[in-house]
Amino acid sequence: MSSTWGKNIKISLFGESHGEAVGVVIDGLPAGVELDYDFIREEMKRRAPGRSSISTPRKEDDEVNIISGVFNGRTTGTPLCCVIKNKNKISKDYEKIRYVLRPGHADYTGYIKYRGYNDYRGGGHFSGRLTAPLVFAGAVAKIILSKKNIFIGAHIKSIKNIQDLGFDFCNVDEGTLIKLRQMDFPVLNDCIEDEMKRVIKEAKEDGDSVGGVIEVAVINVEEGLGSPFFDSIESRLSHLLFSIPAVKGVEFGEGFNITNMLGSDANDEFYIENGKIKTRTNYNGGILGGISNGMPIIFRVAIKPTPSILKRQKTVNISLMEEVELQVEGRHDACIVPRAVPVVEAVTSIGILDMLIEREGYSWIK
Amino acid sequence: MSSTWGKNIKISLFGESHGEAVGVVIDGLPAGVELDYDFIREEMKRRAPGRSSISTPRKEDDEVNIISGVFNGRTTGTPLCCVIKNKNKISKDYEKIRYVLRPGHADYTGYIKYRGYNDYRGGGHFSGRLTAPLVFAGAVAKIILSKKNIFIGAHIKSIKNIQDLGFDFCNVDEGTLIKLRQMDFPVLNDCIEDEMKRVIKEAKEDGDSVGGVIEVAVINVEEGLGSPFFDSIESRLSHLLFSIPAVKGVEFGEGFNITNMLGSDANDEFYIENGKIKTRTNYNGGILGGISNGMPIIFRVAIKPTPSILKRQKTVNISLMEEVELQVEGRHDACIVPRAVPVVEAVTSIGILDMLIEREGYSWIK
Amino acid sequence: MSSTWGKNIKISLFGESHGEAVGVVIDGLPAGVELDYDFIREEMKRRAPGRSSISTPRKEDDEVNIISGVFNGRTTGTPLCCVIKNKNKISKDYEKIRYVLRPGHADYTGYIKYRGYNDYRGGGHFSGRLTAPLVFAGAVAKIILSKKNIFIGAHIKSIKNIQDLGFDFCNVDEGTLIKLRQMDFPVLNDCIEDEMKRVIKEAKEDGDSVGGVIEVAVINVEEGLGSPFFDSIESRLSHLLFSIPAVKGVEFGEGFNITNMLGSDANDEFYIENGKIKTRTNYNGGILGGISNGMPIIFRVAIKPTPSILKRQKTVNISLMEEVELQVEGRHDACIVPRAVPVVEAVTSIGILDMLIEREGYSWIK
Amino acid sequence: MSSTWGKNIKISLFGESHGEAVGVVIDGLPAGVELDYDFIREEMKRRAPGRSSISTPRKEDDEVNIISGVFNGRTTGTPLCCVIKNKNKISKDYEKIRYVLRPGHADYTGYIKYRGYNDYRGGGHFSGRLTAPLVFAGAVAKIILSKKNIFIGAHIKSIKNIQDLGFDFCNVDEGTLIKLRQMDFPVLNDCIEDEMKRVIKEAKEDGDSVGGVIEVAVINVEEGLGSPFFDSIESRLSHLLFSIPAVKGVEFGEGFNITNMLGSDANDEFYIENGKIKTRTNYNGGILGGISNGMPIIFRVAIKPTPSILKRQKTVNISLMEEVELQVEGRHDACIVPRAVPVVEAVTSIGILDMLIEREGYSWIK
């Protein structure tokens, strides 16, 4: 099984890039939650391509069609199915390279796993296109989490070697996250945007691509969420984050850099502020023993350069079993990091909601 | 739920650091597998403390007691329960600091989640002690995987800022992994061992601690293992890896560094060698679209400095709700990275076995 | 969570009776299975209403729309989503009785669980309408099972007090099951059909309803399928069978009647026939210790009289919290047993396939 | 996988009849629940053999050893592991019939599934002995449920053809259930006890065995527990009930008999009593659409005659593949129904608790 996840919330992804539609079934949602369609539309827009010079010209107005689970504008508590039709797909692009394995893509592994029966057009079920229903599910999760005042936000921490500032681990305010949501190209240091875009443009002009790092903050999560071992927040979130195509690394708090610190520095000391226990630093990213400690939950996700490039590449034709050269044509992002930001937020929202319902059940929803 | 994991293999961890015992139930094992007790004992030894000047003097001979699931030396196919008694525990160490939250530990979050009812002694269920049954389960998994010629090995990639060499992503041979297994302090570059140990000793003498990075290789995994999205190899393994106490980061292949590369470099080009499709580079760590491509599976895990230090630290007494100073006494590792190596290998073995059985079922076992 | 099931095959049901559509996502199907659309259509027809004088005049041509997971007529191995549009629904029927709880229906319990937010029209997600996608999923499962020569069939064992013959527990041949599949009103004793229909007609004329018992046989299941305890065949199948609306009882082999036997009679004695171990009787229904023994798997399912009757009934208006009388109008089956037969077969097929894949994995599919 | 169950509560059974011990790990328990050891001991006694002339002389004082998850007499919220040592086992009884398949037992199916590697002594993991840890887990669940005032009780509805009275479906009071708990041989009609015991004795004297039916009531379950379809109360409970060895049938409310009723009779009419909605009858057993309606939850379970009889039986020696005669010796119950009563209650308690936590989470526990 591949595309079903969750314990309290179950999401079941379906669809192929060039099939009739993509979509998701969300089971286990609380009943009576009013869905803010404008918000959902905005979230979908954030992921949709064709919005700027730096993303693929493939125009998708990801029109969401909710065919179950909503009645009079509110969730019914029964499974919500959302279908997003695939428009404007040009399949013939792919026919001619059917058996030619695109390096960096899942063409080879998909061919082997599914014994050649998978839909190879545009990556089929492996396509980034499948992140559209994920963003939808995340939008629904965000609406529910907002009732507990929980907010999820993210920014582009780096594009290739160009670095943005980082979050203040101890103090991320809602305003910052909302401001980031509204940016096409969310960064903390506005001055860095042009430089990042330049790097992307250069890659694009070379028919090449670049990747980057996304940094996420989740605020107002009460202490006590999560579990030790297999249901640690890190385990649950990383499971979802590594399900996003192109993610190759996940780190919490200081992450890999914490290995350069001494324990006496890395240990976040506790203190009391207005009768609440806090930590003076937050190198552990708001999580100790797999459980939230009330500080912002902070993590970073590494997105590899999109494997779709226009440069000539050496590869193999798997049906002829011979080495060939491949020059992909068509429409591609030179960098998917900006569009990956809402996707990363989405799966985070789903994961946090799942853990919240595990602890609180359904009775807290008003 | 916290301590139960798995789809085809189910492992259920139990126990507290200073309780009667720790252990694990493994359900879903194939029947008829002969257990090599010497091998299991060696694996347990690799994790056990007190083996060298750099690890805690707490002497544990982690004597494994298998109380079910094995008959005449072979697995029965029914649940295998292994119990490891807790000996030589000094609980009074902890009584006096019962309400004093140790920075970097799960004292605070555990107290909140379990509303003060958890066993606080030595971290209770959060203790690294729980990794002993994990290593046992991993040893059993390794024995079964060896029947498919699959080997898992790891080395210390870094201690603080001291770096070992890295694996050759394209070519990790079984001999190297076996050699590493036999080393107390597994590194690829022998010259680096002393330097690393020096850094650890220095930290120890200061009553401080250091962390590091572990690099893992899994070889001879056939192409086609894993799934897209939620059952990607990265998702399944990271879920388990982040369940190990002190892990703060996981990256596959080039990981975070891949974000500094161009797509044309990061795309591992395919070629044919002796009728087999391979990649010339392996920046993706043997995984494309969440599925193995037949190349070595490579990843790294960040281990934070052990939070147990002897230095004076500022913290809070949660029962009095007042800020206090804490000076922990007792026996601690200044660096748990060497002992974490077999634990990281263990959960990796469990994860790979789970995916293998998902694809192959139980019929392949001879 | 309510509508997601499965370990190796995951099915996720969605939709409401009077919403836009009902459907199902099936995840975990093997790749490359050619779908026989004629067979699927026939299966759907077997459940569809409006086929005979004894079923509701609501005409549904349950047109199945597969929007993912199938490519060039074969399963891709990625999630298969099937959507069935709701046509010809008359919602105003329900408006006027929105708050009037229909006895025997889920109006009250659904109202409480979903706090009044569920779609009350026609039972919403509780509707028998949701069994249409189940039959679809079952048809797909049957196609795959047929590759292992496994057949599932059923007949109407009784309508009210009118009894059909029973299966010969030790010897159910494929021909019998295929013959039953082709009957509108599947019974073993043809002479009984008219009597049963008479009982149904009488109830219909009185604006009343009747129920009955369905007997199922699964043949050619190899010995060794299933598990002790929580994954026993009885546990897995009963879980699915009791998910069908109106099912109130499930019994395997002799079922409740076995309690009237002596152990010496109930124990099915073993013997050898053409080098194969068989039992001379099959009172245990082909299952011992939760595992198949190679004999036909036999069980019966009790279907209650459909709660939708036209008779005047005493009940409560939950919004006014006052006792009222209810006289339902509209279109209803006086007996859903005939239409429940393919539904019972469907969930059985899904359950058997899930267990088969657990044991065999995916590699056996050719 | 066979012996792990649960969504919110996970139970993992382990052990073999003649191995070192049997036991269970319970994960997902709320923290801070005080365990009443006397109550637990009493529950264990209710299942233990050797208490009366009608049960096997094998004396087990099922001494429960809790080795994790309890601290200072209260649950910690981390996994609770309970081990019950196997004493007084006489293995040589079984050696001589190792390959001789006992009719009605799992010898054959277990041999096939585990390819001859399972522990055949006394049924190994298939043994009724495994119900001891189930009763322990059920006792813990009962203690927690009692905090919501939920009580589970059961009586022997029949032994062979001797019938006890049935519960009053609409009105089962706590007193009755408590009284039944205290009876060695729980029946509602005291006069029937002797007759039932006579039937059992007769069977025993013939070296034969008998079965019976157990009727269960769960009271004070609030309306709204459970879900439609795959998490219906019927699905969840039947899944657990059919995991108990020897159970061949499960029916809710009127069960199979409801098929003899007209819809107008079977529909439980609603009325209002003290501002609460109730039903005048309870033929549906307190469950509509898979969800509790606030009335007592009523169901019955069919227990087959214990397959262990002393009579000469025809069977097969699977190693020689030849037909043989078998005459089992040793100690056996002529009727396990009385000892099955607490087991049926136990799994019911576990199932209800799992559903309760799904709805309420962990926050309700005080």
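A, B, C and D label the chains in the order they appear, each numbered from 1.
In this text, a residue touches a chain if its C-beta (ideal position, glycine included) is under 8 Å from a C-beta of that chain, and two chains touch if they have at least 3 such contacts.
The structure displayed is predicted, hence computed values, not measured ones.
Set against one another, A-D and C-D show the most C-beta pairs in contact at C-D. Of all chains, the one whose CA centroid is most distant from that of subunit A is D.
Averaging C-alpha coordinates per chain places the centre of subunit B 39 Å away from that of subunit D.
Taking each chain's centre as the mean of its C-alpha atoms, subunit C lies 27 Å from subunit D. Between subunit A and subunit D, the centres computed from C-alpha atoms are 46 Å apart. In subunit D, the residues that touch at least two other chains are 1-4, 7-8, 13, 78, 113, 125, 228, 358.
Looking at the complex, you find that subunit C touches subunit A at residues 1-4, 8-10, 12-16, 19-23, 25, 27-28, 31-32, 67-69, 71, 74-81, 83, 113-119, 124-125. Listing the residues of subunit B that touch subunit A in their complex gives 1-5, 7, 13, 101, 103-106, 108-110, 112-113, 125-126, 130, 158, 160-161, 203, 206, 208-213, 223-224, 226-232, 234-236, 238-243, 245, 247-256, 258-264, 266-272, 275, 277, 279-280, 284-285, 287-293, 300, 302-309, 311, 313-316, 318, 321-323, 358. Subunit A makes touch with subunit D in their complex at residues 7-8, 78, 228, 357-364.
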